[in-house]
Amino acid sequence: MNFIRVTKRDDLPVRMEVIIRLVAIVLSLIAAGIVILVFGVDPVRIFKSIIEGSLGTTLRIQQTVVKAVPLIITSLGIMVAFKMKFWNIGAEGQITMGALAATWVALFMSDSMPLFAKLLLMALASMVAGGLWAFIPAFFKAKMGTNETIFTLMMNYIAIKFVTYLQYGPWKDPNSNGFPKIAPFPENAILPSLFGVHIGWIIAIICAILIYLFMTHTKKGYEIAVVGESTETARYAGMDIGKIIIIAMFVSGGLCGLVGMIQASAIEKTLVSGIANGYGFTAIITAWLAKLNPVIIIVVCLAFSMLIQGGAYIQIAMNVPSAVSSIVQGIILFFIMGAEFFLQYKVGFRHNEAKEVA
Amino acid sequence: MKKVLAILLALVMVFAFAACGSTPAEDDGAADAAELTVGFIFIGAINDGGYTQAHYDGMKAMEDYFGGKVATKYLENVNDSDKQASLDAARNLIDQGCNVIVGCSYGFMDALDELANSGDYDDVKFLHFSGNKMNDKNFGNFFGAIEQPRYLSGMVAGSMTKSNKLGYVGAFPYTEVQIGINAFTLGAQSVNPDAEVKVVYINSWGDPEAEKAAAEQLLAEGCDIIAQHSDSTGPQLAAQDAGAYAIGYNYNNPVAADAYLTAPIWHHEKFLIPTIESILAGKWTPESYYGSMSEGYVDLAPMTDLVPADVQDKVNAVKEKMVSGEFEPFSGKIEYADGSILCEDGQTLDRGQIWAIDKLVKGAVGVN
Amino acid sequence: MQNQAIETKENNIAIEMKGISKSFGALKANNNVNLTVFDGEVHALLGENGAGKSTLMNMLSGIYTPDEGTIAIHGRSVSFSSPKDSIKLGIGMIHQHFKLVDVMTAKENIIIGQPTDFVIKGKALTKKVKELSDRYGLDIDPDKKVYEMSVGEKQTLEIIKVLFRGARILIMDEPTAVLTPQEIKKLFGVIRNMKAQGCAVVIITHKMNEVMEISDRVTVLRKGESIETVVKNEVDIPKLIEMMVGKKVDLAIHKESFPKSEPLLKMDGVTVLDAEGKSALSDINFDLYPNEIVGVAGVANSGQKELCESIAGLVKADKGRIFFEGENIVGKTPRDIIVLGIRMGFIPEDRLGMGLVGGMDIVHNLILKDYQNQPGIRLRRGPCIEKAKKIVEQLDIMTPSIYTPVKRLSGGNIQKVLLGREIDSAPKVLITAYPVRGLDIGASYKIYDLLNEQKKNGVGVLFVGEDLDVLMDLCDRIIVLCHGEITGIVNPSEVTKEDIGLLMTGHRLEQEEE
């Protein structure tokens, strides 16, 4: 530790920022290339294939978009909480509870209801459920100062296990020969498609616009940002911090809940315990990489989905083991996240007589 | 810093040359020449030594048989409880030129069903293993009478147990699994009326750790032979560690050589080859295939030397009767554990009746 | 006598720093700085905030390594790569923030990190500590736990710690900032003892009076460069300030008196309890009138924070009443105060942590006090953009634009943004806590002028300060706090600094109140 010293950067010229990011991308490609070579495949072809596989045809673009939708909306939800420095890592649970509420509407309310009425009801139910699931840790944080990180994390398991219980117990589909699954949604509970992708993509764009407006053009959004910067300042300015935390978390959880509804209605067409599928955690990365900016979130999530879709493509096209595409994704991510570290901190080496490197 | 950069640059150049040097496009040619490209979706890794490897070997055998006329592509480690992943896998395979999609796990069923009936893929044929959904234009399913070799493996276990307690690691309390447990129990009781079967469900098709833990629980309860309906070799290894015997599943894989007795196994090529042949010939129509021991689609792996010769003889005798169609596991009077009747005296259950089984027979107890 | 000491040791150069430069990124913290310190001398290092004093001393204590230049200790050229090297050569630094372990005793703190035997030889250690204390006139109980110590005692312990490690060269970074006048006197006694023993002492400070009192020679730094080294007896304060600031500064604080009218703010038996239920503020009674500046003096953490926050509504008074123009405002939250239009401004001690949002620009910091009164849910920036432009212009705030995050601004400009916002709301009562802390002299006097201007406009100003000279020059009355109680309300023209010092430590004066 004596040789390395890490100090926080305050102000970095834009030019340096760009250079660091570019270096990170180049390094990630080199490192990934080494791994690919070890597996005996041509790295250049792999990288070309990843782009081709994610954007090459209409279908591939659709596939990329489908993957980006839940990621975008979850990232938006997480962003609202993170802006407040409320570390909501409970998006998984909020997605699951949202899906649960949507499923309840889908399965137990009239099958003859018009499509959009039912979908609207499902969306509302999912947002309320996700919001309530986030409200619980927010309430305890606001009133008793509990640690939200552990609280929200634990709430994930409760939600997921509760759905497992329903799946194996009361909601088990009697027509599944005993296989523990919940009955499929009726026709009027399934999200329609537009341009080959379910309309979740439109919802994602609307959400991004709304959240952008909420965060930058409303008093609540401003309050959330102030609380995130300094609770003392918020107190000084007469803000009701507890209430702000609760409202922000309700919005955050509500968005995540909506993801649950979209995934259950458009993809699974039923409820499964794995509905959240890790989006709640991946979205932490994407929200962070996007610097908590709703517009950049869309870009980052699309890039992330390209990586996943491209990874699936190379597996088939080049016959590489699934582990290889996972490693490539991991390496690229590692370097890009690593760059963020160097953007925020500077690292110097010191030797006995050498000067400190700034 | 500069030094590091220099080294990195050098590396980049080396790789650039390496990249230029290698010749691409050799495996592209194969797919182009083929008349048919079959895409497989696997739940596990192709070298898992169990369920997925059995499917993979079937795929390879089929590919070899057609010698270039048929190309294959596959995706491994696709999560079958994640429908998005299942849909993506199928779509990506089709996108890359597959005309036939084979989904090798129960959980892929809804995804394949959705695609087959979507109207977007009418020229693609979907084959699904172990499901019950199909349509009459492009979606069929296939499975086999694995209850036959299960019955035989039950005989082996029943003959060799000392504690009369047989352990069974089950996936889900679902019909397919329950059929297997019942057949195994009936086989064991046919040679040892005192034998009872304890089942622990892991609520997953495959999870090496959970499978191992379930096996350990069963061993702790006094079971001295462990059978399984799950994808990995975890239960066999657990049995070996405890000095007990194990009966595998899916694939003849004696990794736990000190414990491994035999296994009910699949020969998927027995289905794939004729089916692909009829697709090539343009004569295929969706069917619900149910292969038996007579066709060799299911079989009992050769019993190892751990099984005494007299037991082997006894088992082989019954096996012959099964192959010839003289004997079926679900025949004669069979009672459920709750006292209700599964099969009347003199009756033999047909496929529909077998697939209506929803609980365990007398002598088998399951815990979730 | 002091001069003699220097002359006899003239040739014994303790520290010689030549041509020292040090940059942090684009910032040149030190540029070609020269410093020579003799044995047996007290050397003051004088300069405004950001002049490079601390950077220079951190290089001497091995925390930083200079980019250019040489350091020689007792004639030997050295190069430090860590504080350890510097300690070995007998250099000891007393930081502004003490580096002590609270739960340990003085003795334990002294030997921490020292290569000792496995078993701590308690008695021998006590003896050695005692020896050191006697030699330098330091007063310490070796078995007292740090958390039970006063600030002065902690500082004494820090000094013993470095002496124990064999320090012959002592560097003190603003050692008087946290001390009462009495403690300062004691400290200066110790410093004189060390000097008599032949130690070299470097004091970093920006307080003129102290420079004149204790030092033999003064080196003035300005904007990272060493301006001049002078013998103290040959200069006066205005000259030093001119060297420090780079130009002549008018340091007069003009105090005007106004006739008294009805009080704006009336504190009536206000008591505030802390989290443990002990009173942080007890039975506070005073009035604040228009056209006056009332100072609040006291050792750090004597209840100043609670006093300000209870008036501003941030903490609720547990007992007593606070009248604002006759209306009891106890129980009103800051939001109530804003929404009800109670015209009160508050400059909290922690500017970026409480008064402002560091990551936000000037406009958004102005919105902080404005948005509560905006109708609807939409956030309106327009009025605050105008206001921001106005404040930047009026208070002469140096900023690239009104959209620059305030944490990027210098301390003085940050304070001006805060003060500008609070003054803009035309307050009747203005509460300011340490408004010049960390500001350079020019900026400080600008703040004093602004406060005086407010006073002239009829505002009642509560000024919590730490520099008694400033308090006495600026304020019409001074409230002295000790342990949350008012130990006296005095008229600066009738008392001495020492009197206030006594009050600060809990001694009441003979003639109670004014």
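Each chain carries a letter (A, B and C) given by its place in the written order, and its residues are counted from 1.
FYI, contacts are C-beta pairs under 8 Å (C-beta built on N, C-alpha and C of every residue); 3 or more make two chains touch, one makes a residue touch a chain.
All of these numbers come straight from a predicted model, not from anything done at the bench.
A.B. asks: Count the touching C-beta pairs: is A-B or A-C ahead?
C.D. replies: A-B
A.B. asks: If you average all the Cα positions, which chain's own average lands nearest?
C.D. replies: Smallest centre-to-centre distance to the global C-alpha mean: chain A.
A.B. asks: Find the geometric centre of each of chain B and chain C from their Cα atoms only, then give the gap between the two centres in Å, rounded to an integer.
C.D. replies: Using C-alpha averages as centres, the distance is 76 Å.
A.B. asks: How many angstrom lie between the centres of chain A and chain B, each centre taken as the mean Cα position?
C.D. replies: Taking the mean C-alpha position of each chain, the two centres sit 35 Å apart.
A.B. asks: Rounded to the nearest whole Å, what is the centre-to-centre distance of chain A and chain C, using the mean of the C-alpha atoms as each centre?
C.D. replies: Computed value for the inter-centroid distance: 46 Å.
A.B. asks: In chain B, what residues contact two or more other chains?
C.D. replies: Not one residue of chain B touches more than one other chain, so the list is empty.
A.B. asks: Contact residues on chain A for chain C in the complex?
C.D. replies: 2, 10-11, 216-222, 225-226, 229-230, 232-233, 235-240, 350-353, 355-356, 358
A.B. asks: Can you tell me which positions in chain B touch chain A when the two form their complex?
C.D. replies: Answer in residue numbers: 1, 8, 11-12, 15, 18-19, 22, 24, 27, 39, 45, 73-77, 79, 81-84, 87-89, 91-93, 95-96, 106, 110, 114, 132, 172-176, 178, 203, 355, 358, 368.
A.B. asks: So in the complex, the part of chain C that touches chain A is made up of which residues?
C.D. replies: Those residues of chain C that touch chain A are 23-25, 64-65, 67, 79, 81-82, 312-314, 333-339, 346, 348, 350, 352-360, 364, 367-369, 371-372, 374, 377-379, 408.
A.B. asks: In the complex of these two chains, what residues of chain A are touching chain B?
C.D. replies: 26-27, 30, 33-34, 37, 42-45, 53, 57, 59-60, 63, 66-67, 164, 168, 176-180, 184, 263, 267-270, 272-274, 277, 309, 312-313, 315-319, 321-322, 357
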